[in-house]
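Next come two complexes, and both contain chain A; in the first it sits with chain B, in the second with chain C.
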Partner chain A sequence: MTVIHQPETAEANVETMDWMAAQIKMPYTLTPGQATGIFLAELAGRRLIGSRHGDELIVPAQDFSGTTGEPATGFVEVAPVGTVQAFTTGATGTIGIILIDGSTVPFVHQLLGVEPEMLELGARVEAVWADEPTGGMLDLAGFAPLGSAATFEPKDDPADLAAAFEKVDYTMTLDYRHAYGPYYGTLFDGVKDGRRIRGVKCSACRRTLLPPRALCDICLAPTAEWVDVEAVGTVQASSVVHIEFIGQRLTPPYVYAEIVLDGTSTRLIHMVGDVDPDVAQTAAAPGARVRAVWSDRHTGSLADIDHFELLPGDET
Partner chain B sequence: MSGRSKSIAIVGTGQTVHARRRTDVSQAGLAREAVVEALDDAGLTMDDIDSVIVASGPAMFGAVNQPEKWLVDALGARYKPVVRVTSGGGTGLAGALAGMNQIKGGSAKRVLVVAYDKLSEGQLQASISTLYDPFWGREFAVGIMGFSAAYWHARIKRLGHTEEAAAMVGVKNRKHALANPKAHVKKEITVEDVMASRPLCWPIKVLDVPPISDGACAVILAADEDALSITESPAWIHGMAYYCEADNAADRQMIQSEPLQIAAAKVYQDAGITNPFRQFDVAELQEPYTCFELSYYEGLGLCPEGGAAELVASGETAMGGSLPVNPSGGCMGANPIGATALIRLAEAAMQVTGKAGGHQVPGASRALVQAGGGWANLRGVAVVGSEKR
Partner chain C sequence: MMNTTTRRVAVVNSAQTVLSPAWPDRQHIDLISEAVAGALKGTGLRIEDVDFVIDSGSDFLDGRSISNCGFLGAMGAHHKEESRVEEDGLWSLSYAHDKIAGGSAKVGLVIAYSKPSESDVRNFWTGLLEPFLQRPVGLDQFSAAGLYAQRYLATAGLKADDLHAVSNRAWERAVANPYVDVAEVPGDAAFWNDPVSTPLRASDLARPADGAVAVLLASADVADQVSATPVWLTGLGSAIDQHFLAAREPDALPACAAATRSALRMAGLDDVRSFDLAEVSATSTVGELMVLEALGFAEAHRGLDAYVGATTINESGGALPADVIMATGLVRLHEAASRLAGRTGYETPGATSALVHGTGGFAMQNHCVVTMEVAS
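Entry: the complex of A and B
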């Protein structure tokens, strides 16, 4: 599992600094619930299972009817045959909204082996099964024009229903381009090229705000001027991290620190490095004085600072 | 509250059996379970409900965006107004406040608030790390745990607290959870156990941390005569407020939570509370880690700043003390984050209506509720009582 935050791999924007690439990748183990769990499990046996809710039949089987909210009162094996109610064709193929015979609720799946220009609403289709079931929705590969599939009256409460799948593995990968905007842009231009950290001064209260921003939080006055800030400060809060956090570069244990750079009024989140974890509890405690150690990376992010190091004997 | 505004009450509550992982229900089925129990408790059906508020944590916890849309089927809420409210750990209380405002504003008479999270399905701390500004902090984000530990450390230094004081919170709440049939962590521990447990983000250790849970909670809100037509014993809400602060605000110290202090002042004024420690019979405070409960004692004015360690050590906040805090066991018994804040409110309602069973505080008539997200930045407070106000 990874949460990647790696502007250094962004392909195009290193020169322009318009945006920063970030990717979030998260694995899940989803719980389908009883009815959908049975539907998924039965696909390996090439059976389509619906759920009965009073007079209503829903395929794929659902735990609850969207019409009444009522739970399923039984399961039904339905013929693997249905009707196309709508479709659209994109670069990866044709997707249809299919109403299985006898079902009251349509669902979305792939249409296989169809010529979109020949396809018409109301077309009759049949299930196409995966050659090798892998234990998921794609064990039902999709639907193709009706051929020789057996049609039959729905069979109530089929014997030998498979046990419901309790877990479905899933991974969500999300790519983002975060615009720097004028304030982060100016700050990180300076970080990347000149190893400068710049905040903005409030035109009224004269606080130096870092990260820089258009308005002061305290007096709501516009900020007026850019000021260079020395990469030296005081630990406001710190903890000793003993467990792995996804996306972190350091191997635990290490010190997480919220640092207020001298002359500024807001915190910077980073790490205190080069400190024995046994003494970190006291040596890197709130009040400890620290200084940035620059890395050899020039990415235009806070990761250009490798870590903060303790300044000896200067605790405030 | 002024005499002319509506008095709103909780007329039904429901909770799932919380668990580390519920493999028998989907997210929607989990939420439904709490709703069915709340409707039964109130003697109502979905036909009696005008509006539904769904409250859940960050969508990234469960991989389903806009889950309220999915829940409509399971709740039988077709053609009703259904909206989702989310606000970190305080989500459930923020949802209840939205429901109250719908009734106050006149757009609904009876509002169902359902809050849930099925945390077994995703990556909790990594999801929380995505709450950070991508430019300012996310690269070094260590979930809520490392961040909270850092400011607990600052509180220890500033206020002279000890790790043992927080350990006492864990011991107390885990003991309380033994009597709560909905809690799923039921194990008595000692202060020594907590102190000897493995550091995760020091000063936070394994036994300072609540479970990760699947669970849901639902409450039904109604006003005045309508509430009394539903139940003889509504839990009247004497006040509720929810505030936040700016993440990168200047001069932000986080030794105390300003939003908590602001919310408490507002709610105490509405509820006529001038001496909270004396006036409340029971409190349900949302403690994602043991150290949080200590900071709440101070932020809620139950003791002076720096007095929290002494207060927990006195035993006055344990069952049998003068102000039992978290008789349900709090988060230490179960912690489905999106639901947790609403569980605190539901538990308070159960206490003041005498429905808390084995963890009932005898004769409780006025309860304090606190919930929130982040170490300090989102905080809600509510007061619930058996008397209409």
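Entry: the complex of A and C
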């Protein structure tokens, strides 16, 4: 998973710090399985393949009936011709529910070259094939009013079935605008403009919490009081990162640490810089004292702290 | 008739945030904190008394994986048993009920929330689809609702304009509901007339909303101590339809009917018309009519009749003006429980029983039904 946070490039509300743009982009290789894999593979050869499950003939072919759970007992070539059972027109065009001749379970696909106002339930349609197959459902581009497509009875056990697709590449890209809310908003406003780090104090246990929040995690009591926190603290744990991974923002090796800022009861994850990774395991070990080194960035995030630097052991 | 082999479980309090098309100035945790604090307030129960937390939300909508882990503090789940249910909050409530009824806990906190305003909701709905055959062809939440609607209207002998009665009624009640952020019934002609996915218009489609809701459940011994009017859970049922949209019934929701049968069997009832109140969920006007028919408030294709029946339906406005995806069903339960308990602002004299319905999955694939009563 690649997670990209882009507060500095967001078109945004940099002045008021209302929200943060983020994108999640996840690459997949999906496994369609036997029946769907064969159905998809056969589209390039312009054949429609269904599957038999007792009295049911399902197109596109399925490994199991969604209604009865019966496994497929064989594959069937069907005519690329059917009937429109329902349709709807919206921003992305007209899509319909189509029952292929001889099949018992319909499926959804695009209706092409139709005038929705003229289209009627029960209209006869035929397959429209993509000019250049790309290896997926849209190799069957959709269905259009019946022209010259040949109709025929379903043909059981068609010869020379294509090998099932083993995988289908897929990428999911999701964009977000995450609200900061009043607590993170106040924190990040302070970081951006005054290099202030502000936490809140629990009204019950009196612990100082960073990042600030409405309720104490432990007591669930309200946090009413804002407190300024020095950007100086103590390493509670550290790790030297050597591994490379997708979406990494820094070139390894680098040092990550859990830091407890003085006076707070919460841990902050950040970089420890200016330290040789070879000696970091001892130099930035738990108990090491660190201080924030601010960058020249004013984005209003904790990334405005470039890194934490080690302080001499006797400094407090 | 209560099954005496299990312990009785009651709603002792519940609370929600205002449901708004967008809460641009509040995080998930801000909304959750408000609902959780509200559910505990005035009960005498403290967070230490809560044995477990079950919550509903969507990693997809939240934009982070296992998002509940980041929200534990706001949910009051610190060092407690916590479970996430990736379904509407009404399922979380069912599991919480079972946990208390089974005797392993006395007090449970059920939470549901979402902020669909932070992302493109179409991605959420199409992300639920099987990716090989259905997702590539342009099927989405609007076209699925349109496909149902075309067949429903044709069989019922109705026109799209007839659906205005459903949405107008819902929006009028939402305007009167202080917890739905809407000042007046939408007045622009495009909202009521321009097709979004034929035959449906924007007025026929649920408006996504941000918000959070929290419900406090307790066993009978605790409930009787902390609440003057515990709202007893008497029946729970859920059922799921098959995934492929085209393979489902064209204009009915058999899974909703199956969930209803389960809940009624547990409650020892056979006629839903005996309920004083019903709060139901739907993602479209036609969806709401099909739900009312599946629940048994009207005959097939006569869902419009349900609104003039003996049971008061969706006095809150229902899901159409404010669909807090993942939380809408639990909001319905909060609305119904508040009325049965006669809480301030929800006074409903004479109402002693309610049926609550939630739905989830692509195009209402999944259904959950809960029945409740108070001592009359």
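To be clear about the criterion, the second predicted complex is superposed on the first by the 309 of 316 C-alpha atoms of A that agree within 3 Å, B and C clash if a C-alpha of one lies under 4 Å from a C-alpha of the other, contacts with A are read in each partner's own complex, and residues count from 1 in each chain.
We take it that a contact is a pair of C-beta atoms (placed from the backbone, for glycine too) under 8 Å apart; a residue touches a chain by one contact, two chains touch by 3 or more.
All values reported here derive from a predicted model rather than from experimental measurement.
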Which superposed partner A:A303 touches (first chain B, second chain C, both, neither): first
Partner chain(s) touched by A:E70 [first = chain B, second = chain C, both, neither]: first
Partner chain(s) touched by A:T89 [first = chain B, second = chain C, both, neither]: second
Chain B versus chain C as contact partner of A:S203, first or second or both or neither: neither
First, second, both or neither for A:G287, with chain B first and chain C second: first
Which of chain B and chain C A:Y170 touches, first, second, both or neither: both
Partner chain(s) touched by A:P182 [first = chain B, second = chain C, both, neither]: second
Touched partner set for A:E258, first chain B, second chain C, both or neither: first
Footprint overlap on chain A, comparing chain B with chain C: 1, 22, 24, 30, 32, 36, 66-67, 170, 172, 176, 178, 180, 184, 213, 216-218
In the complex with chain B, residue positions of chain A that touch it: 1, 3, 5, 20, 22, 24, 26-34, 36, 62-70, 166-167, 170, 172, 176, 178, 180, 184, 188, 207, 209, 211, 213, 216-218, 236-243, 245-248, 256-258, 265-271, 281, 285-287, 301-303
Complex interface listing, chain B residues touching chain A: 21-29, 32, 46, 60, 62-63, 72-78, 118, 120-123, 125-127, 129-130, 132-143, 146-147, 149-154, 157-158, 198-204, 246, 248-254
Chain C to chain A touching residues, read off their complex: 23-27, 29-30, 33-34, 36-37, 40, 46-47, 60, 63, 65, 72-74, 76, 78, 115, 118-120, 123, 127, 131-134, 136-140, 142-143, 146-147, 149-151, 154, 195-200, 242-247, 250
Contacting residues of chain A [partner chain C, same complex]: 1, 18-19, 22, 24, 30, 32, 36, 39-40, 60, 66-67, 85-93, 95-98, 105-110, 116, 121, 136-138, 142, 168, 170, 172, 174-185, 213-220, 222
